[in-house]
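Chain nomenclature is as follows: A, B, C, D and E, assigned in order of appearance, with residue numbering initiated at 1 for each chain independently.
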Amino acid sequence: MSTWSRNNRLPALATLALTLTAAAIALIFFYAPLDEDGLNQKIFYFHVPIAFTAYGCFAWGGWKALRHLWKGEEGADLESYVAIHLGVIFGVLTLVTGSIWARYRWGHWWVWSEDQLVLFLVLFLFYCAYFMLRFSVPPGPQRANLSAVYALFGVVLIPVSVLAIRLSERFIHPVAFDKGGPNMAGSQFFTFCVSCAAMFSLAATLYNLELVGKRLDMRLRELREALQ
Amino acid sequence: MNYLADVGALARKDLLLELRARDTLPAMLLFVVSALVVFHFVLPAGSSDLAATGLLWVALLFTALLGLSRAFAAEREQGVIDGLVLAPSDRSAIWLGKALSILAFLALAELIALPAFALFFRHIDGTLIGGVALADVGIAAVGTLLAAMAAASRARELLLPLLFLPLAIPIVVGGVGASVADDPARYLGLLGLYDALFAIICWASFEYVVTE
Amino acid sequence: MIRARALEKRYGDKRILRGIELDVGADDFLLVTGPNGSGKTTLLRLCAGLAAPTRGDFELGVSRGRIGYVAHEPLVYRELTALENLDLYGRLYRISERRERIGMLLERFGLWDARHERVASYSRGMLQRLALCRAFLHEPDLLLLDEPYSGLDGEGALVLDRELTERAPRTAFVVATHEPERLRRHATDLLALA
Amino acid sequence: MNYLADVGALARKDLLLELRARDTLPAMLLFVVSALVVFHFVLPAGSSDLAATGLLWVALLFTALLGLSRAFAAEREQGVIDGLVLAPSDRSAIWLGKALSILAFLALAELIALPAFALFFRHIDGTLIGGVALADVGIAAVGTLLAAMAAASRARELLLPLLFLPLAIPIVVGGVGASVADDPARYLGLLGLYDALFAIICWASFEYVVTE
Amino acid sequence: MIRARALEKRYGDKRILRGIELDVGADDFLLVTGPNGSGKTTLLRLCAGLAAPTRGDFELGVSRGRIGYVAHEPLVYRELTALENLDLYGRLYRISERRERIGMLLERFGLWDARHERVASYSRGMLQRLALCRAFLHEPDLLLLDEPYSGLDGEGALVLDRELTERAPRTAFVVATHEPERLRRHATDLLALA
């Protein structure tokens, strides 16, 4: 039942993601005005949405972890894992796009003096450790619990580290949003919003796709066993 | 009341064990002292207070990690953790008792390390001590939970630093900030916030770490 | 006290228990037998709440603190003395007359003279006796015993016999064993795993 | 020949035990990067090369101590050491096998840590590598013996805390000296002498540590 | 093979064994009995050379590598598989046809199917079977068995019976046990500790 309804949702999501992505690309290259940065500023519309999506995935993973611990929701462990897995993938993309941008803008692939970057690296390491933890515990209820607790830690770690970085005030990494709202032109902001939406729907599609695959796997294994 | 009595009994047991077997504290002392000695040798006379303070924090962090890596050794050895988990006390008492005993070990190690630091490097003041104390609380709280996790996993001690270091970054930032910045209050606040937040999560989630 | 329906437990891909049905009342005595590796210990851990079933219904009609569990391992700290171990458990179980009961049990199980020795120096049978003390300390309503006679000498076995006989009418038992004869007279039920 | 085969079998078993968790290497990599990140937060931007070298040594020392503190964990857990002691091979083979496996792990960790260090902090040269290698040998030799003492609870009480500190500090002083002093040769010589002396003592005395 | 005169063993101030006289020939079978804590395990450890006597004469007429010892604990690495453990011991004992013998013993003791599992996941009885495999691996001339039947199910006990019967005529045995009946037919000598 549930698999069927999810299967049904998947094509719709995928279509949405595709259209939004196409729209975003069109907007980025033909509509949004160039900054003083020149052409390489276009990467802004990828880099930032990707970074936001990564955060979103981590948060969703944390939420599912909470559901698992709190309500004992069935399958929440798998969902949390898939979300975090996706988050790590988007995290790598953030690092890559950021590095490319940094190469053009600052002349280095990576700058240690930039706490904002190091902070993201810390989060990334944190979620790598999540994988190490998960794979060194045999599958079963204990693994689900440990992973969920650690995922919850992540959700608290993010704001605390952001706070810590803000305190040290050493960053040159730009801030697109401050107290006065977005500091960019309206057309840029619109493009930015569309590419954000595109990235989010893309992530949602991948998330559901992976879940369906994993569930199918499980179902198959059960069937095989029932036949034995 | 009962809860506190449980915590007390568990922490007391850890101290007793350490008194008997002396497994952990000597290693922690050795490490922290030799780390300071190393720094003493490499830091040229006129180097900045900043560098020295940073190194103190590294030494403290790794010392804590060393202590944590053995935190659940006795429980794991003969599956004693099962015995504790079966007892009617709230499971979080196991965490709290262990965290308190870790805190005691840390405090003892620092009782040696801080004067040694003052001797070798620079004068220590109230804020530094306050920062260290707050950091200890956070380290003990988070570290104990992670040590329990690592003990349950197959990779064990190998895993603990990986799980712990990313989570310790805010502590380091806060601690170093508190010891060197002009307005330490903000950093102490950050440390306090960290302690409170993580202590609550650890307290609430420990039960899930030790049961299936 | 224990009610299980279609209980199943697996570790990874390996199915250890399957289709287990249990009904243990407040004064029942369930004997669990089966060859090595058939899942007796696993079943007892499920009953103790130390492991979670993979599938099936499981109800435990007794609070955690009213269970006594004797495992293959004695579940005591090796570097503490018998007295310190029992004192710790006595505190955790909030036993009234803790010290008196500990003294009584140590004497009954013949450990009084060794009470101040580190458990690490105990002999096999002394460890088993200590594990029994630990399990009986809080007069549990449900006793889960995993090969309780193992390592005991003749006299120790007699002490245990006496304890079981005394408790059988008012305590629920689940006992895993390879020699069911010794316990048959208490048993109200038998579960043979395969 | 037979002796070497025994040592090989024993060292192989340790590697197998480590690699069982299959993710040892990624774990080390993660650890190194995490540690570097911590260092980044404690060292103010313009810190000296020297301070960085000190950090490197502290990190190495910590890794070694962590490895040593669990060196005989597997043997102690179920008294397996008795099984090894009963085997017909010379007892010193147990020490040598364990020391070699500790050495292998240290080397492996450094194979990751040194390049990363060079990348992030300062250029490393031959003397530094030589110093690290010599220090590794000393740490593995002495550390294994002490860890065995700690595991065979007989000798633990008095020896470990007393011996550990004075034994490790010369290594550290020598190692740091070799990496920063103007005439590293003297320090390297100290390390070499230390290694030779203690390796012989440990080799000859291990038998008494593991038997009554 | 073993000759002891006025053997004494103490731990600290506690005298565990006293005035023990032993003569075990190459095909003798010595049963050691006694209550818990009477020193059976200590005696076996003395015979194995794992502990040194405090006083008295003790001669062992067999080299260390020709002894097989089954202790209370299985003396295997928990994180290795059965196969890896036996392989390690096989190498250390320099056994010819190591792999074949390991396969044969695993099969005989019913562990063949579990050979690739980590020992940590073994049940109590499977551990005991593995300990027996380890002790028999190098066809020792002197077998020291400390409660060898503990934890074994009926079938495992039969396998062990068969092994003992086969080896009794050509191997020296010292066996500590709480149920001497099972072994009485092999026994050539009996030592009752008190």
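The definition used in the following text is that contacts are C-beta pairs under 8 Å (C-beta built on N, C-alpha and C of every residue); 3 or more make two chains touch, one makes a residue touch a chain.
Note that the coordinates shown come from a computational prediction; the quantities given were computed from them, not determined experimentally.
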Statement: Note: chains that touch chain C and chain D both are A, B, E
Message: If I average the CA coordinates per chain, which chain comes out farthest from chain A?
response: E
Task: Have a look and report which chain pair racks up the highest count of C-beta pairs in contact.
output: B-D
- prompt: Looking at C-alpha means, what's the farthest chain from chain D?
  reply: C
- prompt: Approximately how many whole Å separate the CA-defined centres of chain B and chain D?
  reply: 24
Task: Could you give the separation in Å between the centres of chain A and chain E, each centre being the mean of its C-alpha atoms?
output: 59
Field: chain B-chain E separation of Cα centroids, rounded to whole Å
entry: 45
Query: Which integer distance in Å separates the CA centroid of chain D from that of chain E?
result: 36
Field: Residues of chain A whose C-beta touches two or more other chains
entry: 122, 125, 128-129, 132, 136, 138, 140-141
Multi-partner residues of chain B (each touching 2 or more other chains): 21, 77, 154-155, 159, 162, 165-166, 169, 173, 211-212
Message: Counting only residues that touch at least two other chains, what does the list for chain C look like?
response: 11, 52
Message: What's the complete list of touching chain pairs for this entry?
response: A-B, A-C, A-D, B-C, B-D, C-E, D-E
- prompt: Taking the complex as given, what residues does chain B use to touch chain A?
  reply: 142, 145, 149, 152-155, 159, 162-163, 165-167, 169-170, 173-174, 177, 186-187, 190, 193-194, 197-198, 201, 205, 208-209, 211-212
Query: Which part of chain C faces chain B closely enough to touch in the complex?
result: 48-52, 63-67, 69, 71, 73-80, 84, 88-89, 91-94, 118, 134
- request: Sort out for me which residues of chain C touch chain E in the complex.
  value: 11, 34-37, 41, 72, 110, 114, 121-126, 128-129, 147, 150-156, 178
Chain B to chain D touching residues, read off their complex: 21-23, 26-27, 29-31, 33-35, 37-39, 41-44, 47-48, 50-51, 53-55, 57-59, 61-62, 65-66, 69-70, 73, 77, 154-159, 161-162, 165-166, 168-169, 172-173, 176
- prompt: Given the complex with chain A, which residues does chain D contribute to the contact?
  reply: 21, 23, 26-27, 30, 33-34, 37, 40-41, 45, 120
